[in-house]
Structures are given as structure tokens and as C-alpha cells.
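Notes to accompany the following structure.
Order of writing sets the labels: A, B, C and D. Residues in every chain begin at 1.
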Amino acid sequence: MSMTGVLRPGHVQIRVLDMDESVKFYTDVMGLKPMGKDAQGRAYFKTRAERDHNSIILRQADRAGMDFFGYKVLDAATLDALEKKLQARGVKTERIAAGELLETGERVRFMIPTGHAIELYADKTAVGSGVGCTNPDMDVLDAPGICPIRLDHALIYGTDLEGSRDLFTDVLGFTLVERALLEDGKTDLGVWLTCSAKAHDIAIVRHGEPGKLHHVSFQLGTWEQVLRAADIMSKNRVSIDMGPTRHGITNGTTIYFFDPSGNRLETFAGGYDHYPDMQPITWTWDEIGAGIFYHDRKLNDAFLSVVT
Amino acid sequence: MSMTGVLRPGHVQIRVLDMDESVKFYTDVMGLKPMGKDAQGRAYFKTRAERDHNSIILRQADRAGMDFFGYKVLDAATLDALEKKLQARGVKTERIAAGELLETGERVRFMIPTGHAIELYADKTAVGSGVGCTNPDMDVLDAPGICPIRLDHALIYGTDLEGSRDLFTDVLGFTLVERALLEDGKTDLGVWLTCSAKAHDIAIVRHGEPGKLHHVSFQLGTWEQVLRAADIMSKNRVSIDMGPTRHGITNGTTIYFFDPSGNRLETFAGGYDHYPDMQPITWTWDEIGAGIFYHDRKLNDAFLSVVT
Amino acid sequence: MSMTGVLRPGHVQIRVLDMDESVKFYTDVMGLKPMGKDAQGRAYFKTRAERDHNSIILRQADRAGMDFFGYKVLDAATLDALEKKLQARGVKTERIAAGELLETGERVRFMIPTGHAIELYADKTAVGSGVGCTNPDMDVLDAPGICPIRLDHALIYGTDLEGSRDLFTDVLGFTLVERALLEDGKTDLGVWLTCSAKAHDIAIVRHGEPGKLHHVSFQLGTWEQVLRAADIMSKNRVSIDMGPTRHGITNGTTIYFFDPSGNRLETFAGGYDHYPDMQPITWTWDEIGAGIFYHDRKLNDAFLSVVT
Amino acid sequence: MSMTGVLRPGHVQIRVLDMDESVKFYTDVMGLKPMGKDAQGRAYFKTRAERDHNSIILRQADRAGMDFFGYKVLDAATLDALEKKLQARGVKTERIAAGELLETGERVRFMIPTGHAIELYADKTAVGSGVGCTNPDMDVLDAPGICPIRLDHALIYGTDLEGSRDLFTDVLGFTLVERALLEDGKTDLGVWLTCSAKAHDIAIVRHGEPGKLHHVSFQLGTWEQVLRAADIMSKNRVSIDMGPTRHGITNGTTIYFFDPSGNRLETFAGGYDHYPDMQPITWTWDEIGAGIFYHDRKLNDAFLSVVT
């Protein structure tokens, strides 16, 4: 099979400070579909178009941030094989029992050198997208929330960028799509990696503290839906960090904004296809501003400093 | 690597009746970049955004149609491995020398049961997209032609649909994304297959005659660019078969139109991502109209009859 | 005042065959806001963005069509003055009492030479657009229906085109924006007229029978909303006559479709501004196809024959 | 005639510091059509779609800013009548000879209380939009520049806001569309006025110094063209002040940016229709941020301070 191994971002567990307020936000403003709560009190959501049972899991905690980010792999055999590859690399893995997350099979969890917990899993109950698999009608925008297409990727901040980058590329089969360099012209400030042919399935930026979340990103269909998302944010008094604008990196159009706990989220549209035979794009230190925010050609203060 | 094996549609050789008129059409109306001619008189083109040297090759002939459709594979080892798999399946393969197509490595060519020549190759000179790989600026729409992003897929018509379908899925690693059924509710009228995570890299429709081309398709960025493409077609008196409209199948927005030789082309935008863990979509006979043309919910006469 | 006299299309009374089915259609599919029923059983609607109490009035009858089309004028003095001008022209006018239509002031009704009842009125209760007049938030698309911006214009079919055309331009202050000519190169097949600076506030096509309605038109904000409208129509099995496509005339993008009674409606977006100092656009007989449907450059059968 | 009196913004004379650099900018980046120079060395431009000979006039000077802003009126009789009304109001008017601006008839010039020179004129040679007035094809985006539709409006800053506001409304027939109030809840900080049915033909903000220009604005067709404009600006290293974003006031989507002399320009799309029977929208002091920049809901520093 051409598309094999790690398929795509499948779920993320986000820490929120106030569960009720957060459920309201992710339901009403984000337009996600609530998929129930578990015995621990965690709240589950999926987008309308996603077919698996859940992609966003909220856990109440006393500080914001990301507990873990999970990728769906092709099948159980792939899960076993990737676990062995991780262990062969010296990465300690942990098996988490099926059902620990609602409607989700056994997960392999491990820490990556930037200090983030990453998970792989092969099974999550397919509940469908709402239009079904037989003669489906179009899923028309018909609700007050943003209603993104899918959980798309995360940008994580941490210390040992090289370690995480190499683990994703050497062990998990990701490809380097773009990189931003530090002033020395050699060291990576950030890398954008894909496990498929889309512009990024994970991005990593070098940071003084490990295990930080810059943003969790949701895909929208069009630039017009990016505008609608910004209108919805303003109408709901959501704090916008940046945008609507365009990234030079990936070419995607974007808004950065914050959930009620201060976790940065992104809604974006567009971005080019990348295949593993293609040369990565490089952004040099003096042009990194245009790489991040193409129109302004400079970073805003928050980009490098505000993380959860 | 997650994205491996057959990567993507890479080139197609199209037969045209009048080379000069065709070069003018593909250059001025389609907005493709001319990449030279070879000793046989074939004319080469690429889109602005494509990085490899060529994707569209025109050959003058006395009847229109498609000579062959080629896929780029990950590397030379993959090419060898896939050739062996084809041969093991009983498919006769032919090696075509590097350079027979300009700036293109050795190709493995074979006939599929619907009567079409398919090629695999691992090498084509990377000439870049025009914005380069270092601090690239956006490639802004600034020319009179349609300027698609890429050669995206083809829809081929032929007799032994099952044979070609199974060869693509069993041997070449493609995944079934959608299918349209005949009245019996079992037999495939058409199948849409991907070798990546996009909605289709090849589509096959059952037809009384082998080796026919329904259309070669080019991707556009947005529905607004679909409108611009239709305006350009009208302004240039290009014959439009259908559209702008939307396909139920893949959800893409589309225009079908004809090149000066009568080859049907498509410019489309949108379409959802498909991963191999997902259940294929099925269209039943009574709803096939909505599958092909979602707004009208019925086929036009030309869809099932006009091919080259 | 620069914008004076006849301001804009304000209301239209449409005959429907089944009131319940029609109320459901105009509410759920069109996304209009129900504004109540009157003692005669007529149902009233407005768009979300319209500020006056009603714009669409449905009356149950045994044949479809349009009872009358009404324009709002600047004020009561304007109403009086225009009535006098009409009478001076020899047009018989009728005063209809305030309140005969809900929340609507006194109306001046008269027949125009193509056999249609046109009304003028100065007062209709301003109920507001829903976002208010103080610090209004954006009105985000958040409901299942099409949700047009406004009642925009009508295209009427009738016998004495010249008579109606001249009455609109000479008496009511409309300006000729575009015209389509018959084969003789002199006689108008159709005219597009504005009382403001938009591309049309009324259009008239020559027809063998008087008093016919070709379509009532609603404005959408964007081409993407035209696509969404077409998706909603298909999802609701609404019969689409034509589109999405573009008119050469006015440059608007469009869908023609039918309400459950067979009245043709239009949702459109775009179109250029026209001021009275500008030369009208002329479409000759051989290019009228491109004028009506720019992409196909030919009329469909229904355009000249199907009216209510 | 319904649309009468002052028709629309027709021309603006902008002071630039370096003529060659400015001609290059307005031609290549803005995508305006150069229409020649006059004996004084002034450079003339129009948009592709504008039908009159010129709308933008550049004059080399040692400080940036606006020399005058001109409105086209319906005809010579209107020009005379409006001049008389101005004089009756005590406004001193000046007649400038036909031909002083290329292809432009006699102009009536006067100073308004905010310290700006405004002009009225009835004649400017109609050179057409490039697609002609018979069977016009669509004007497809086919050039590197931004290519706006038209000169749309200006926002001027000055001292006696009430004086200019009342002159526009009482004498020139403009209508108040929106207003932003100072902290006292009574005094206007800014007013948006129309002479047609579009959201604004002039806007005035109260300022400590008279005769200042905040921005000259150009209309684009769509939000996607706003994005393309921003991409073109970045690619050409144009300094962007703000955007792409949305105004609460008028609902338009917008980019503010600077020409090489530091004059602020705007490219915008959208905005609602306003008719003189409608209640103006009011923005209170605490929500003025959302009025100006709807997504961020706060002013940037430059909005109130940087003018030319």
C-alpha cells in the first residue's frame, strides 16, 4: 500500500481549566460534535466530517496544555512493528489498554525528546461523518459554530528539536517538508513534517522549556471559511492572537486564537501537497518573519513566547 | 516511510490532431509552462507549481486520446519491486530507456485490463516551481491562462474494470475511495482509487470499448478559480461539456471541457481526504446522477458516451 | 439627495399552489424569516438582513405566478409626485390602503404595458436586521437555509416591452443598463434597468403573452455562497433550471431554480455598478446566448419558454 | 431619475515624493492602467474596469497627502445647481477650466470645513473598460498587479467634522450610513456617508489638524482577491498597516497599506447596501475598536495617528 505506517493525526488530549466553559466553547464556538464523557470526566469531541469516534479530548486540570497527541496507524501489525522500531531506537514505550479512551483501541505511548507524549493506535470506532457511506449528500454549513473539517496537526515547542525531528523521520516515517533556520544558517529553529502528502502532520519549534504546546490546528475548507471563523470568534469575544493571514510556510491561510484556558488553536485552509521525493523548503533567519506571517513579514511577540 | 510505493500521477501523453493549435491552447488557455520539444516532435509542459520537468506531453496523431498515463514511484528500488510484483501477477512489463521522455528516467510500461498503457518511473529532473526552495514568495495568479496547480488524475473508460481495479489495488497499493454500482447493485460501473490520501489518483468506468480516455484532470486551488477557469474558457470559445458544478463523488467542484482535438479535460477544486482505514463510499444506480453531477442529480448525455 | 425617487425593490407577492409546502420551502430551504400571516391567509417573509418588515408575500392560488412587484420610494411626497407623473402619462393608478399588506403603508398600484402590476409605497415598518443599529455584530451564516441578503429584482415577460421600458425610464427614473437585441439589430428582446447604481432592479423580456414571471431574484454575498445554495437545493431535491454559472449580462453568478409551485427563483452574487452617465451594454442576437449564460454561450430551452 | 445629483467618487490627486517610483508602484503593484502625463508632469491612471479616462492623478511634491478629491455629478445642469447651493451656503467655489485635468471637463472646487479640497465635475471622456459595450467578455484577472475594480472612497481627517458632515449631507445630498461616537456618547468621532446606495463614498474622522488624508480606497471583487492583494503586497515588499481583516463599520473586508510616499491606501471587498430610508448604525466609544477592526476588536496605534 502506498499510504501506510502512520496515517494521520487522530486525537489530542487538551488540558482545560474549567470543563463546563470549555465544553461550551468547543461545542458552540468551534462547532465540534460532543461525543460523550468518560468515567474520569473527560469530554470527547469530533468534527462533523471526521468518521472516527473522537479526535479532541478535554481533561480538567489546573494548568493548560497538551497531555498527548495521537496518530492513527494502518493496522495492528503496523502498531506492533512501529513499537518495536521505537524500542530498537531506545525509546521506552507504554501500552495503554483499549477503552481507556472511549471507543479507542490499545495505544502505544512514548515520550519524544522535546518532552511531549505521543501515541500510536490502530483502532477507533468508525461512527461515520453524518452523511453516511451510501449516496451521501453534501454536508452544508448550517450551524453557528466554526465547524472545521478535521483535527489537522499540532505545533509543539521543546528543547531537543533534533531528537524529536529524527525520531519522527527515522522511526515513524515522516518526511521533512519545510525548515526554518537559526542565525547560524545551520541549526533548525523549526521543522514541519508530514506522514502523508499534506503540508504538515506535526511541527516542532526549538524552545527553552520542554513539553510545550504552541497550537492545535483544525482544517477549514476555504479562505472564506477562515473569514467566517474570524467573524464567529469576534462575535463570541474569542481572543485572536493573529490573523486572518497567510503563512509563508505551507502557504496555508490562518487564524491563531485562544480557547478559554489559554491554549492556542488554529483554524487554517489551504497549503500545498508534499511528496517524499521533493526537496524541503528552507527559511533563513532573516526571512523567518515572512515564513510565519507572510503578509506582515514579521513575527508578533506572542509567536515565540506564549505557549501552554 | 508512510507515503511510499506509487507516489502520484506524474505524466500523461495526450494525442492531438494539430500540434501548433494544441501548443497554443495548452500554453495560453490552460496556462501551462512549455518545457520544450523532443526529437519526435512531442511538446512538453508542466504547471507552474509542479517541480518536476514535465507532466503533459502532446503527440500529434490522426486521432485523439491518451497514449499512456505515468505514476512517479518513491525510488529506483520501488520501481524494481513493483515491476517484479506486476510480473508475478502475470502482467507483461516493458522497460523504456531513460531519456525517451525528456528529463525522465527509465520507465516501466504495462497494459492494464481496461486496455490502457500505464507507466511507473522513479526519476524526473526537478526543475522547481518557480518560487524556489529558499524563502519562497507566493506564486500569485498573474497570467491570462487557467494556471492549474497540478496534473491530478485521469478517468479512463474500458472493458475489464474489475481487472484494472484489482491490479491497482492488489499490486500497486491503491485504495478504493468510492464506487458506483450498476443496476444489479453488485457490479461496479465505476471506481475511484487513490495511491495517497487525496480523493482520487485514477478513476475507471466500465465501457464497451477498451483503452478510452474520459478526461485528464487538473487541480485548481478554489471554487473562485473554477469560476475564473470557466470565464477563461468562454472568453477563448472553449467548448464546455459541463460545469461549473459539483461532483457528489469526491465532493470536488468541476468543469469538464474539451481541448481542440476533442480530448476532455477537467479543472476541479476541493475533494476530501481519504485514508486506507476508511470505508469506501458507494453510489447506487438510482443515485448515480447525483454522484456524478450533484446539483443536477442527473447525467448529461455526453458523460457516458463521449470519449477519445 | 443623490439617491431619491424610487429606492429599491421592496416586496413581491407570489402565488403558490400549496401554502404549507411553500411556507416550509421559503423558510427551510430559502432560509427566509417568517413574519406572520394576515387575515387573508397570506404568508410574509423577509431575509435576515432586510430591515423592513416583509419582502416576500405568498398567496395561495390555483396557478403560480406573481401578483405584483413593489418598490419602496423615498417618502410620502415622492409617492404623491410619482403617482401624479403616472397619471399625467395616462397610467391609471389605484391607492391601496395602509395595512392591506402587514406593516405596510399606503400603496400606489398600476398596470404596466407588459401586463404586470407594479406598486410604489413609502412606508413599511422597520423591524431591523437582527444585529441591530448599535455596535452590530456580523450576521454569520449559521442556519440550514440559503439565507440570501435581499430581494434583489425580478425578470418579467410580457408583450409591450417598449411600453414598460419607457414607463420605467421616463416616469419612474430608471436607467437602462443592458439590452439584448432581436435579429433585426434594433428591437429589444430584453432590457435590464436600475433605479439605483446596481446592475438591475427590474428586467423585462419580450414574450407572446402578457403578465408573466420569469424569475424573482435574491442576492447572495459570494460565489461560494452560490455553491452552498446549489448544495442546499440538491440536498433538498429542489429542481435546478440552470447553474451555478455566470451571466454575461450584469456579470452576476447565478442559479435558476423552481419553488414547489413552479415559480422560477434566482440566487445570484456579484454584478457591476452602473451609473446613469454610463453607456448601456448591448448584446446582439448572435451573442445573446453568451449574454444569458456566459460559460455555455447558449440558451437552454427553458429560458425563453418556461414562465409562470 | 432616482440616482441623481452627485454620482460617485471620480478622481483623486495624490502627492508623491518620487514620481518614477510611484508610477511603477501604481502600475505594477496596484495594477492600474497608465493614462498618460500632462504638461505639469502629473501622471494619470484608471482601473481596468473604470470607463472614464482617469481616476488617480499623481503629483510630485515634497510632502505626501491628497490635493483634492473629486465627485462626478449627473450633468452640467447639476453642476451649476450644486455650485449655487454651495454658494448659498456661504461656501466659496472656484471654477477650474476644462482640460486642466486631462480629458476632464470644468470642475467646481471648494474647501470643506475639515480643510480638504473637494471637486465636482460633470464630464470626463468615456474611454471604456477594455471589454467594450457590445457583447463584452468577462475581464479575467490576468496580470501581476492588484487590479482593483474602482476608486471607491476616501477617509479624510480634519478638525471641523460637523461642518464637513453637514455640508455633504445638507448641500451635496449625501446620507449618513454609520457614525462612531466619542466618549460623551454624543459627539461624532467619525462619520461614513454615501451619495449612492453603497456603504460609503466619503468618510470623515475628527482630528487635531485639518486637511489630512487617512486613506484612499479601492474596491476589489472578493475576499479571495483581498488575499491575492495581500500576497502581491508581500511579494513586492509593500508595507501593510493592517489586514487582511474585516471592518465592523460597513462590514467590508480590508487591507490598509502604504504607497512608496507613505500615503495609506486600502483595498477592500464587500459592504452592505444603504438607502436613505435606513437608520444609521452607531458605534459607541467602548466598541469603536470592533467598529474599525472587527476581528481584533481594538484599534492599532497607527489608525488614529498616521496620516498624510
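Please note the rule applied: contacts are C-beta pairs under 8 Å (C-beta built on N, C-alpha and C of every residue); 3 or more make two chains touch, one makes a residue touch a chain.
Remember, it's a predicted structure, so these values are computed and weren't measured experimentally.
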Between B-D and B-C, name the chain pair that shares the greater number of C-beta pairs in contact.
-> B-C
Counting shared numbers against all numbers at the contact of chain A and chain D, is it over half, same, or under half, different?
-> same
Relative to chain C, largest Cα-centroid distance belongs to chain A
Chain A-chain B separation of Cα centroids, rounded to whole Å | 31
Taking each chain's centre as its mean C-alpha position, how far apart are chain B and chain C in Å?
-> 43
What whole-number Å value describes the gap between the mean CA coordinates of chain B and chain D?
-> 47
In chain D, which residues are in touch with two or more of the other chains?
-> 137-138, 222-224, 231, 234, 246, 290, 294
As the complex stands, chain D meets chain C at residues 1-8, 49, 51, 72, 74-75, 126, 133-138, 149-150, 172-175, 194-198, 221-223, 246, 248, 251, 270, 272-273, 275-284, 287, 290-291, 294
Name, in rising order, each residue of chain C that touches chain A in their complex.
-> 137-138, 140-144, 222, 224, 228, 231-232, 234-235
Touching residues on chain A, where the partner in the complex is chain D | 223-224, 227, 230-231, 233-234, 237, 240, 243-246, 253, 255, 290, 294-297
